[in-house]
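Each of the next two complexes has chain A plus one other chain: chain B in the first, chain C in the second.
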Partner chain A sequence: MEKNKRGLGFYLRIYRKVLVQDLKSKMSYRADFVISTIGMIMTNLAGFITFLILFGKFPSINGWDYHHMLFLYAFSLIALTPVQCFFDNNWNLRFMVQSGDFIKYCFRPINVFFYFISEVFDVKGLGQLAFGVGTLVYAWNKIGLVVSVPIILKLLLYLLTASLFMIAIMNAAAATCFWIQGSGYVMVIMFRFKDFAKYPASIFSGIFRVIFTFVIPIAFVAYYPSLVLLDPGNVPLLSWISPALGILFFYLSYKFWMLGVRRYDFTGS
Partner chain B sequence: MTPRKLIALTRAGIMESLQFRLGTFVTLFANLIYLVLVYYLWKAIYASSGTDVVNGMTFNDTMIYLILATALFNFLEMFIVWDMSRSIQSGKIILDLLKPMTFRKYTFWSYSGSHVVSFVLTFIPTFVVVMIVTKGAIHMGLNLLWFAIATVLALIINFNIEMIVATICLYTESTWGINIVKETIVLLLSGASIPLAFFPDKLGTVVRYLPFRAVYDTPLSILLEKNGSDTISGLLSLFGMQLIWVVVLTIAGTLFWNHSVRKITVNGG
Partner chain C sequence: MGNEAIVMKDLCKDFKVLNRHEGLKGSIRDLFSRDYKTVSAVRNVDLTVNKGEMIGYLGPNGAGKSTTIKMMTGVLEPTSGEILVNGVVPYINRKKNCENIGVVFGQRSQLWWSLPLIESFKLLRDIYMVSEKDYQDMLELYRSLVDIEPILHKPVRQMSLGQRTLSDILAAFLHNPDIVFLDEPTIGLDVSMKAKIRSLIAGLNEQKNTTVILTTHDMGDVDALCKRIVIIDKGQKIYDNDIEHLKSYFGSYRTLRLKLDDDTWEETLIDESKTDIMEVINRADRQKKIRDIELIEISTEEVIKKIYEGEAS
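After this line comes the complex of A and B, so read on.
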C-alpha cells in the first residue's frame, strides 16, 4: 500500500541523490571522463564524415537534398541524447545478470527499473547534444524554416517523442539478456540500427517498411516526428499520433524489461 | 612451443563459443535485418544517382562488398580490450601472465577458437547466400585462395590493433573511451561502412596507406577482383602493404606490451 504514496516527487528526489553520487565517482576518474568525451566527439565526427562522403558522391537521396538530410541527421542526434545520458546503464545489464549482481536491485523498496536506470548518468551524451543542436540550427537556417514559439514547442514535443522510441528499442534489446545468454550482440546491432534513423524512412518498401515502423521503430527516431516541422502542409497521420505511439512503445518495453526481472527472480540465480 | 598446446587453446575456444548457440543464431538474425537496412539505403542512393556505375562500383558490387564486410566484421571481432580491462579489475590477468607462454600468444590462440566458429557459422553461410543470390557475381578461381590468405593477414593486423589499444588502456583507465575511438576509426577508414571506392580522391589516397584498410578493404577487393587485384602486380602490392603492416604492428605491439606489462596495477584482486 505504501508504494502508492510514492509519487513523482519521491522518485525525482531519489534520482537527484543517485545522480550526484554517480557524478562524484565519475569525477574521480578524470582522465576517463576526458577520453570518453573525446571518443564521443569522434563518433559524431565520423558519422558526419560518412554523411559528407555519401553526399559528395550522391547529391540527393530519394528526393531529399543535402540540407533536409542534414536536418534529419541533427534531429536524430538530439533525439538519441536521452537514451545516451539517462539509459546508459542498460549496457551493463547483461553483465549484472550473468554475474548475479543484479539481485541487489530487487531488494530495494523502489521500482527496480527506475533504480537500475538511475544509477548511471552519462555526461558525454551532452557533447552529442551540442553537436546535434549546432547542426540543427544550421540546417534550419539553410532550409529557411520559420522560428516561432509554437514551432519551438512543437519541435521539443516531437524530439521527446522521437527519443522515447529509441529508449524503447534499447530497453527491449537490453532485456533480452534475461532470456538469452550471450545476447550482447542484440544491443550492439540495435545501436547500429540507429545510424539508419537519419535516412528518410520512405526508402523502405513493402513488409520492411512495416517492420521498421512498428516492430523496430527506427522510422520514428527521426523521420516521422521531423516531418511535422519539415513539411507542415503535408503531415502524415503517423507523424501526428507519434507522441501517443512513443508512450505506448516505451510502456511496452518497460513491461518487457520487468517481465525479465520477474523471470530472473524466479530462477533465483 | 608445440602446436599441440596451441590447438588445445583453439579447441577450448571453439567449445566455449558453441556454448552460446542461441546467441549465434540471434547474431545471424540481427545481421540479416541490418543488411536489409543497408540494401534499402544503397538502393535508394543508386536510384537517385541516375547512373548504374559509380566509381567503378555497380549496385551489386557495393552490396556484395558491404554484406561481406559485415560478415567479416563478425568474424574478425575481438573483445580483447574489454576482456583485458575486466581481467585486470578481477585480478585474473595474473593467472594469464603466469601461463607458460607469452601473453600475446596466449591471447591470440585463445581467440582462435571463436574465430573458427564464427567463420563456419557466420561467414561461410553469408558467402554461400551471396553467391546464390548474385548468381556468380563472385568469380570462383584463384581469387578465393588469395582472399583466404588476405583474411588471415587481416586477422593478424586486427589482433595487433586490438592489442595495442588494450595496452593503451593500461595507462588511461578508460576502456570505453579508447575502445570507441578505435572502433570508429577502424569502421570508417577500413571501408566497412562505406566502400573505400567512394572516398574523395585525397582522403582515399591517404586511407589506402593506413593499416585499417588492410583489415576489410584489402581482402574484399581481392575477392571481388577490384583495385587492380586481378593483375599480379596489383595483387602483390596489396599483399605487400598487408605484410608490411603485419610486421610493423607485430613488432610495435610486442615492444609496447613488454614495456607496459610491468605497469599493470591490480587493486586487491
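After this line comes the complex of A and C, so read on.
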C-alpha cells in the first residue's frame, strides 16, 4: 500500500486550496474584512507620518539622506509582509500549546510546521504591501536608480531574503512557548525589534550592531539587502551572502520549532 | 506482520513535571530549574489488538488512557518498552503511521474551523491522497449510515457539539484507515446523539473492518460497541477480557436510588443475584416515605472499583 511521496508540488497544491477556502470564508464576514483593512491602512499611515516628521528634519544621518531613508523604510515594509500574511498563526501557537489543542496538527501524514502555518492567511498584511510598494517606487525615482530586468530580479531576490530573516525571528520567538510560559513577551519584544529594521545599521554602534546582525538579525530585514541596490559599487560581503544567510536562519528557526514539537509533552487530555 | 493491528510490550511513559513559576522572571528561572517531579502515567502495559477488533479502553480519570493513545498515534515517545502500530514504530515514523490511522479527541475538533464540512473533507481527501472513487464511495457509505446533508455545508464553527463530534468521526474514517482512535467521543452529548454516534461507529467498523480503540466513561458506549475491554488504573493494566466475562460478574449489579421526603437521594449498590430489589424497596418504604425510585446500571467507574477490589480476576 505504498503511496506517492509528498513533495513540494503536493505542499503547494494543499496550501493553495487551504488559502482559497480560507479567503472565501473570510469574504463572507464582510464587515470584519473591511474593518481590519481600514485598521491596517490607518496603522500604516500613522507609521508613515511619524517617519516624515522624524526624518523630514534631518538632512542626512550617517551619510543617508532623506530619500535613501525612505527607500529603506519602504524596503522593510515590503519585507515584513510575508511574515504577517503567511506566518501569522505563530501568534496563536502558545495558546494552542498551552490548551493542548496543538495536538491536532500531529495526526496528519504531513509536515507539522506546514500544516500549522498553512491554517491562517492574514489579509491585513496586503495593505502594508501596497503601501510599501508605492513608497519604494517613489524613493526609487527620487534617488534616480535605474530600472532594468536584472535589477528588478535582484530587488525581488533581496526582498525575499529580507523577509526570510523576519520569518526566522518570529518562528524562533514563537517556538519558545514549547519551553517557557512567558513566550508571549518574547514574541512581542521580537516583533517590536522590527521597528529598528528601517534604520541603517551603521547608526548602531558596537555590541548592538553585532546583536542586530548575528543574534537577532534585524539588520538583514532591510539594511544589508538594500545596500546591494542602493550602493552597487560598494557592497559589503554580508550583503552579498545575505540570501544564503537568510536560508540558513530560516532553516535553523524551522529546526528549532520542530525540536519544540518533539519535546513538547502534549498537556491536556 | 500477522493479524495484529497494535502490539505493545512493557510500555511505560513517565512525565517529568516542572514546578513552574509565574511571569517573565519565573519563566527565565524555569529554563534553568531542575525542580522536577516524575509522574508515571503508563506502567508496563502489554497489549495486543487484532485487526477489526473494537476495544473499550477504560479506566478512571488520570488512569493513562489518553497517554497510551498519544503513544499509539506517535505524538509521544514512550519512556521505555516496545510499540508497533500496523507494523510501524509510531514515534519514529509519525507521518507513515498517520497514513493508516484516524483520531478523534473528545471535544477538540480537528477540522478547519471556518470551513464548511465538505471543504474539510476535500482537503483531507487531498492530504491523504484518497482516490476520487474511494472518496465518493465513502461519502455514499456515510449517507447510508447517517443523515449528513444538514451538516455537510455548515462551517464547523457554527455546529453544535454533537454535530461537530459527528463530523470529526466522519473525518477520521474518511481515508479508510486501518485503525481509528476515539478518545471519549460521546462526552457531553445527549442520549439521541450518543445513539446515533454509536450506530455510526458500529456500522463503519462492520463495513470497513476498521480496528477501533475507544476510551469512554460511559458504559453504554462499551455495551453497544465493544466485545473486549481493557481496563487500566494508575497506569497499569488490571483487566483484559471479554465484556461477557465482566458481565457475568457485574451484570447483576444495579444502583438503587431512592428519593426521600426531604428531597435527598439515597444510593445503594445491589447485587441482584443475592438480593431482591423489591424487598429492599419495601423495607425502606416501611421506614420512611419514598417519593421517587431510580434504577441505574452499574457505571464503568464502579465496575473498575470492583475489579480493583479483586472480585473479577
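Everything that follows uses one rule, which is that the second predicted complex is superposed on the first by the 258 of 269 C-alpha atoms of A that agree within 3 Å, B and C clash if a C-alpha of one lies under 4 Å from a C-alpha of the other, contacts with A are read in each partner's own complex, and residues count from 1 in each chain.
As a convention for this text, contacts are C-beta pairs under 8 Å (C-beta built on N, C-alpha and C of every residue); 3 or more make two chains touch, one makes a residue touch a chain.
Just so we're clear, the structure is a prediction, and the values are computed from it rather than from any experiment.
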First (chain B), second (chain C), both or neither touched by A:14: second
Given the touch rule stated above, what does A:103 touch, chain B (first), chain C (second), both, or neither? second
Quick check on the superposed pair: does A:23 touch chain B, chain C, both, or neither? Answer first, second, both or neither. neither
Of the partners chain B and chain C, which touch A:248 in the superposed model: first, second, both, neither? neither
State whether chain B or chain C is in contact with more residues of chain A in the superposed arrangement. B
Considering only the touch criterion stated at the top, classify A:54 as touching first (chain B), second (chain C), both, or neither. first
Touching A:180, do we find chain B (first), chain C (second), both, or neither? both
On chain A, positions contacted by chain B and by chain C: 180-183, 185
Which of the residues in chain C end up touching chain A in this complex? 15, 20, 23-24, 26-28, 30-31, 66, 70, 73-77, 94-96, 98-99, 101, 103, 105-106, 108-110, 112, 114-115, 119, 122-123, 126-129, 155, 183
What part of chain A is in contact with chain C in the complex they form? 3-4, 6, 13-14, 17-18, 21-22, 25-26, 100-101, 103-104, 106-111, 119, 179-183, 185, 262, 265-266, 269
Interface residues, chain B side, partner chain A - complex: 19-20, 22-24, 26-27, 30-31, 33-34, 36-37, 40-41, 43-45, 47-49, 54-55, 172-174, 176-181, 184-185, 187-188, 193-194, 198-200, 203
Chain B touches which residues of chain A in the complex? 29, 31-32, 34-40, 42-43, 46, 49-50, 53-54, 56-63, 176, 180-186, 189-190, 192-193, 196, 199, 203-205, 208, 211-212, 216
